[in-house]
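Pasting the structures here.
Look for chain A in each of the two complexes below; its partner is chain B in the first and chain C in the second.
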Partner chain A sequence: MKGLHTLLWREYRSSRGWAIGLIGSLGLWTWIVSMISNEGVENRLALRSLIITVAFAIGVIVLSFMVGRLHTEIKHDEHRTLLLSPIPGYLHIVSRLVFAVGVGLIYAIGLGTLTWWVFSQAGAHLGASSIMQLVAAFPAFGIVTLLMPTLAWVLLLVLFANAYRLSHLTWIAVIVMCAGTPVSLLYRGINGLDHHLPVWTTAPGITDLFNRLAGMPTQGEGSMLTMAVPGVVHYGDIVGAVLLTGLLVFLAARLWEEMEG
Partner chain B sequence: MLAMLDDVTKVYGKSYGLRDLTLEVPTGQVIGLLGVNGSGKTTLLKLLSGLLLPTRGQVSVLGEPPRRVRSKLVFLGETDAIYRWMGPTDAGYLMSGLYPDFCPQRYRALLDSLQVPTRRAGAMSKGERVRLRLAMALAREAALYILDEPLGGIDLAARERILQSIVGQWRADASIILSTHAIAEAEGLFDRVVLLKQGSLVLDALAEDLRERGESVKSTFLEVLG
Partner chain C sequence: MILAPALLSIMQILLLVVLGYAEYRLWRGTSSPTARILSLLFTGTIAWAIIRPFMFTL
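Right after this comes the complex of A and B.
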C-alpha cells in the first residue's frame, strides 16, 4: 500500500496543475450556462444541456492528455526511477488511472450539480433523492462507461507505442487497431449484458420532463437532452465498461513489466 | 557470483550493440567499464540492470534475470532523467516509497557531502541534478550499483565530490560498475578494468596487475583502443 500511496502522491505532484485547471473550469461552465437566457424553456434547456455535454467531453479530452503525458516521461527517461522499482507494474498503471478518475469524479459531480440546477430551472420536479441520484448519475454513467475505458486505453496506447518504438507511420495503424478493439468490445459487452441487467432511473422528474418535451414541437431537442443527461442508466453499460477497463489495465501493466527502457 | 553475462549479443536493427560478450561480476569489486563512444558500455549496463533484454545469451544477477531482482540493483543512467518538479525532499519521499532499501539518513548525508541545493530539479544546473540523482542512487543498500557516466559534463570540483561519495559508499558485500570517460580521475577507484571496443570485450584485467606492470589504466586504454 505504501507503493500505491507514493505513486498517487507522485501523480498528484506531477499533474496537480491539470487537475486544478479542470476543476476550476467548472466556474467557467457555470457562468456560461447562467448567461444563456433564450426565450422558451425547451430552447434554453437544450442549449444549456449541450454546453454541459461539451464540458464533459472536454473534461475527458483534458484527462486523456493528462495521463498521456506518460509518453513525455518515457521520452525523457524520467520514468526509469519507477520502471526499475520493485513495485508491480499494475500499481503504476492503476495509480495514474485512479488519480485521473478521481479528478474526473469531482468534475462530473460539479457538472451533475449544474445539471440539477438547469433542470430545476426548466421546471422538472426534482425531489431531494433525485438531486443525489442525478449528481451520482454523471459519475456512474460518464466516468465508468466513458472516462475509465478511455484513460485505460490511452495508457495502453502510450506504452504500446513506446515499448515497440513505433515510427510515425506505424502510429496510424496502431491507433486504428487500438481504437477499434475497445469500441467493438464495449458494444459487444453492452449488447450482451443490457438484456440481463436492470436499469437505474436516476431522476424520475427528468424522465417526466423528457416525456413532456417529447410531445412538444421541438422533438429533436428533446431527444438531444436524453443524450446530455442520463435519465436512465443501464447497469449493463457499467459492467461492460468495468470489464473493458480491467482488460486494458491488465494489458498495460504487462507492457510496463516487459518494456525496455 | 553476483552478476553474469553469458555469451550475450544485443542487436539494434542491423547494428550490434554487444557481440558474444561473457563477463562475470564477483561481490566486492569496483569495476571500471571503459571504451570510446558507441563501444557498447551503456548497452552492457542496461542489460545488467534489466532495462534491455538480450537478443541472444543470458544475463543474470544473483542467479535471476535482472528484472526479478530489481530491488537489489541500482542503475544511474547517463541521461539527465529526473522529474523537473522534484526537489531533494520530494526525491527522498519518492525513493523511500518505491525502494525498501532506501536509507533516508544516508540520503541526507549524501545531499550534504555532494552539496545538493534544496531547490527543485528544474531550477538546478546539470551538475547539481547529477549530484541529486547520485545521492538518490547511493542512498540505497543494493547489491549491485551500475553507474553510467556519472562524471559526464561535470566540473572538476564536483567530480571530486562524486568520486569521494562513491568511495564512501563502497561495501564489501556489494559491487560497483562505473562507466566513465574521466579515466585519469577515476582510475584510483578501480579494482578491475573492462575495456570494450565495437561491442566486444578487448581487455579484462585487475587494476593491481596493470600497476605492477608499471602501466596506468589510462595508458592501457590508449594502448588498446588508441
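Right after this comes the complex of A and C.
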C-alpha cells in the first residue's frame, strides 16, 4: 500500500484540472436549474429533475474520459516518471479509480444538494431522513452502482487495447470489447440476489411529495410509513456492482502486470 | 442437434468469418494470457449472439 499515496498524489496532480472543472460545473447546473420557471409545480419539478439527471450522466462521461487518459500516459510512458521501485498493478488501477470515484462522489453530493433545493421549492416538507437520503444516500448509490463499474470498465478497455499496441491491433481490440462485453450478462446474473434482499424505501418527506403530486393522501414527515420502490432501487444492485467492479479491477490489474509490470 | 450452416444467412456467416479472423489476429497479436482469454470471451459472446437465434429455431 506504500505506493498508493504516491500514485494518488500523482493522479491528483495530473487530473486536478478535470476534477476542478467538473465540480465547478455544479455552479452552472445550479444556475440553469434556478432559471427554470415553468408554470405548474409538477412541470418545474420534472424539468429540474431531468436536468439534474443529465448533469449526472455528463459527470459520468467526463470522469470516464478522465480515467481514459491512462491510454496516453501509457503510450508516452508518463506513469514511470516517479516510480523507481515496482508497484503492484492493482495499485495503479485502484489509485485512478479511487481518485475518480472521490471526485464523482463530491459532484454527486453537490447534485443531491441541488435536488434537495428543487424538492424544497416544490413544497416538500423534508425532515432529516429525507435530506440525508437526497444529499448522501442516493448520490452514493448512483456512484456505487453506475460510476464505479463504468470507470472500472473504461480502465479495463484501455489496458486491453494497450495489450495490442505493439501489434497495431488496438482498434480491433476496442471494437471487440465494446461489442462483446458481457457486462449485462454478468450483471443480470449477480442481480439475481435482489430477490433475497430487502428493498430500498424512500424517506417520508420524498414519498409525501410524490403522493401529493400524484393526488394521493400523504402520511406526514413524522410517519414511519415509507414507499417501497421494488424493481428500481435494490441493495442487490450494490452487491452486484461492487462484485463487478472488483472483477474488472482484477482483470485490469492482471493486464497491467503482464504488459507494464 | 446439429446446427445446419445452411440456415444461417450469408451475412451472418460472413460476420462469423470476420469474427474468427479478428480472434485469430488478436490471439496472435499479444503475449498477455489475460488479454487472450478476454478476447476469446468477447468474440465468443458476439459469436453466441449471432448463432443463438438459430439454436432455438432448430
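Here, the second predicted complex is superposed on the first by the 206 of 261 C-alpha atoms of A that agree within 3 Å, B and C clash if a C-alpha of one lies under 4 Å from a C-alpha of the other, contacts with A are read in each partner's own complex, and residues count from 1 in each chain.
Here is the rule we go by: contacts are C-beta pairs under 8 Å (C-beta built on N, C-alpha and C of every residue); 3 or more make two chains touch, one makes a residue touch a chain.
The structure displayed is predicted, hence computed values, not measured ones.
Student: For A:G24, is the partner it touches chain B (first), chain C (second), both, or none of the two (neither)?
Tutor: After superposing on A, A:G24 lies clear of both chain B and chain C.
Student: Does chain B (first) or chain C (second) touch A:W9, or do both, or does neither?
Tutor: After superposition on chain A, A:W9 lies in contact with chain B alone.
Student: So in the superposed three-chain picture, is A:L255 touching just chain B, just chain C, both, or none of them (first/second/both/neither)?
Tutor: second
Student: I'd like to know which partner A:A163 touches here: chain B for first, chain C for second, both or neither.
Tutor: After superposing on A, A:A163 lies in contact with chain C but is clear of chain B.
Student: Shared contact residues on chain A, chain B side and chain C side combined as an intersection?
Tutor: The answer is that chain A has no such residue.
Student: Per the contact definition, I'd like the list of chain C residues that touch chain A in the complex.
Tutor: That would be residues 22-23, 25-26, 28-35, 38-39, 41-46 of chain C.
Student: How about chain A: which of its residues touch chain C in the complex?
Tutor: 160, 163-164, 167, 169, 172-173, 176-177, 179-182, 185, 251, 254-255, 258-259
Student: Which bits of chain A are touching chain B when the two form their complex?
Tutor: 2-3, 5-7, 9-10, 13-14, 76-78, 80-87, 257, 260-261
Student: Which residues, counting only chain B, touch chain A once they are in their complex?
Tutor: 46, 49-53, 67, 70-71, 73, 75, 77, 79, 81-83, 85-86, 90, 93-100, 136
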